[in-house]
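Every chain is named by a letter (A, B and C) in the order it is written, and numbering of its residues begins at 1.
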Amino acid sequence: MSNRYLKEKGIESLLFASGAVAVVALLLLCLFLFKEGALLFENYPVSDFLTDRRWLPTSTNPQFGLLPLLFGSLIVTVGSILFSVPLGIAAAIYISEIANPRVANFLKPFTELLAGIPSVVYGFFGLVIVVPMIQDTLQLPTGQTALTGSIMLGIMALPTIISISEDAISSVPRSIKEGSLALGSTKWQTIYKVTVPAALSGISAAVMLGIGRAIGETMTVMMVTGNSAIIPGFPSGLFESVRTMTATIALEMGEVPQQSDHFHALFAVGSVLFITTLILNIVASYIKRRYRFSL
Amino acid sequence: MKKHFLRNIAICSIVLLILMSAFAGVGCVDQGEDTEDSGTTEDATGEETVSGEIGITGSTTVLPYSTLAAEEFMIQYPDTVISVKGGGSGVGIAAMIDSTTDIAQASRQIKDSEIEEANNNGVEPLEHAIAWDGIAVVVHPKNTVSELTFDQLRGIFNGSITSWADVGGEDIEITVIGRDSASGTYEYFKEEVLGEEEFTENALSLSDNGLVKEGVVGNERAIGYIGYAYLDENVKAVALDAGNGLVEATPENIKSGDYPLARQLYYYTNGEPTGLTKVYMDFVLSDAGQEIVTESGYFPIK
Amino acid sequence: MSDDFANGTEIAVKGLNLWYGKNHALHDISINIPKNSVTAFIGPSGCGKSTFLRCLNRMNDLIPGCRIEGDVNINGEDIYSKDVDVVDLRKRVGMVFQKPNPFPMSIHDNIAYGPRIHGIKKKEIDGIVEGALKAGALWGEVSDRMGISALDLSGGQQQRLCIARTLAVKPEVILFDEPCSSLDPISTGKIEDLILKLKKDYTIVIVTHNMQQAARISDYTAFFLLGDLIEFGKTGQIFENPREKATEDYITGRFG
């Protein structure tokens, strides 16, 4: 009897330990990130970091301005959302409500395949095909712009948004769709007045995950956005070259001498990235809870 | 009650164990890898076999040369592996400081701050000039501008000149394409052309010479700077006047030093090279190695 | 079958057959359903009573592989003819389902849903909503909290909400598919009272597996068995004096 008890407790502890490892690892990562980032502020004022308008890490008078990088990330992310959310939700509605079952059974796994394509492949495709296309169609000085980054990130976020939104829409119970039809509404009215609003918490989760993916993307944006550290306006900034926080870290990480100010500055940028993602996740949870008029 | 107590102790110790091993891991962050390096060994019959592995990291300008040289070397000595990586001169030098590469390839000289950094880590950088290079300032072949003074060049790259019309071309906005700050080419160009000033913030920051060239190929309004080896018929090199008249980017002008943006290319090692690194360095500075310099589009050091 | 109802015939069905794929589920059903009364469909599980009910507002159209032959005339109009507007039909023939299915919206929006999609102007909506809730015997309980989610109501209240939601589009016929089977006795009683009140203005058809309920509230009763209509007549007659043996066996509980 006691043997069985020990075994049970042993397994419980093991499972607990596994969970604990994940949490502890995350916590330590966090601490390391913030500690190295904070070391920047021994030699460089926080206020300057937050307000300087230029990122010049290797000049004789280095400037570590966060703003161009932060806004670069933001504008590319916002652009990608504007592009992928309507498209993704429309595709999800098509797959779950309108397509006939054989088409749907093909489309859904196919979009999930898209999610598996490595980001560097997307970057390459963006560089070779999309950049010249944007440059020629919009007559811009260069095709390497925030817009290009938004389009590529939008495409990358699509599978996530479609897949999760489709799950949410399919889980809307048949009974309320029938209820709507029984009142004399058309299929379309049912979809946009009842089904989609009912699936809103799942759809919001999908959008949040899409945003999370976009903001953290590195390789692709590095290859297509031109990496100019300017502060973009909106919407004019979409047609200019921008630099994201992620690309900055990737571009400069290799060459920083350990423990230099530049080194710490990159960690500070990494911390901001981490905090941004954290805020996004919190907002996502809040939205999910609020829209739980749900089922 | 006792059972609960025992269980809590067990859980706490497991968590503590995890925390401790994690901290131990964190402490190991700064260890560099040892790179393998054998060099020549004599086997039982008295014949010398050259074997082992070394790594070369850094400048994308020197990269085409290193790749060709390494290939040739590995054909001659089949038991060796020379791996060549880019990333920019800054990356290469940082790798040497961290002892994660045997040779740092660079298109600029090592900075004083980097030398200090290296010494603090017990590394003594030794400079070997291996070739001459010119920085070609390139524009699209359809661009009517073919000549620029240094003042005009500076103006374009620091953002004070924004239209091709201001330098004798058509009234179109100039697109400035450059490198990122890890690049030796970036540093060299900045020092020679801009001096104390900064690049315009609208300049594109691309991660290697190839991308800069492709950028200019695809854009009629673009101007960029690339290593001479990357020059081909798809872009047009601009003649430069640094105060001594217009000089074109040609092999003769570069070798003679008349071209204002002529520079040396370097390999840096940690002290005097030994083992396989020494064999490779000797090869690079030999006639065979210097022939490869010409093959790759640069100019022999001698 | 009676043909001379006091208020006339609302629904006239002749020779209705239904197939789910190869399965012949309803055999040659013919029945006349009287206006402004309550008609109950009774019978053991799987006898086809719910399937037949769903034929009356063409909800079976939503099931792939379902085929229907025969005539269903509502107020003289064949609802299966090619130029019938199904959307309009469902406005005129409303349905309340077995399990309450309020939309995940506020009480007000639930009731307003039907009128809104039919284009009723904004300023009339509130009046219609109030009227429907009153007619559905729910107004008193919710008038001060119209903005709360309908999902926060109790089961019985939700079902009355669904009834009110149907009433808001002003149907002629209301079909009830076992509306009380998931409710407690008190809520059931309230809904039965409501149905009795509604029959004055609407034609009501109710499917129920609860014979006592049929006996309590219906004027006419139809007994179904295995896809056939066995017997149809005044409720009193069916329960006290069934003509068919099968009916009698079912009524007396010999099988269920």
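To be clear about the criterion, a contact is a pair of C-beta atoms (placed from the backbone, for glycine too) under 8 Å apart; a residue touches a chain by one contact, two chains touch by 3 or more.
Everything quoted here is computed from the prediction, not taken from an experiment.
Asker: State which chains count as neighbours of chain B and simultaneously of chain C.
Answerer: Both chain B and chain C are touched by A, going by the contact rule given at the top.
Asker: Measuring from the mean of all protein Cα atoms shown, which chain centre lies nearest?
Answerer: Most central by this criterion: A.
Asker: Using each chain's Cα centroid, which is most distant from the centroid of chain C?
Answerer: Chain B.
Asker: Hey, how far is the Cα centre of chain B from the one of chain C, in Å?
Answerer: About 81 Å, centre to centre.
Asker: I'd like the Å distance between the centres of chain A and chain B, where a centre is the mean of that chain's Cα atoms.
Answerer: 32
Asker: How many angstrom lie between the centres of chain A and chain C, each centre taken as the mean Cα position?
Answerer: Each chain's C-alpha centroid was found; their separation is 49 Å.
Asker: Flag every residue of chain C that touches chain A in the complex, lowest number first.
Answerer: 57, 59, 62, 87-92, 94-95, 97, 99, 101-105, 113-114, 117-118, 149, 151, 162, 165-166, 169
Asker: Which part of chain A faces chain B closely enough to touch in the complex?
Answerer: Per the touch definition, chain A meets chain B at residues 9, 13, 16-17, 20-21, 24-25, 28, 32, 54, 56-60, 68, 131-132, 135, 141-144, 222, 226-230, 240-241, 243, 251-252, 254-258, 260.
Asker: Touching chain C in the complex: which residues of chain A?
Answerer: 173, 175-176, 178-186, 189, 193-194, 197-198, 293-295
Asker: Would you pull the chain B residues touching chain A in the complex into a rising list?
Answerer: For chain B paired with chain A, touching residues are 7, 10-11, 14-15, 18-19, 22-23, 26, 30, 87-91, 93-95, 97-98, 113-114, 117, 173-175, 177, 180-182, 187, 196, 198, 201-207, 215, 218-219, 221-222.
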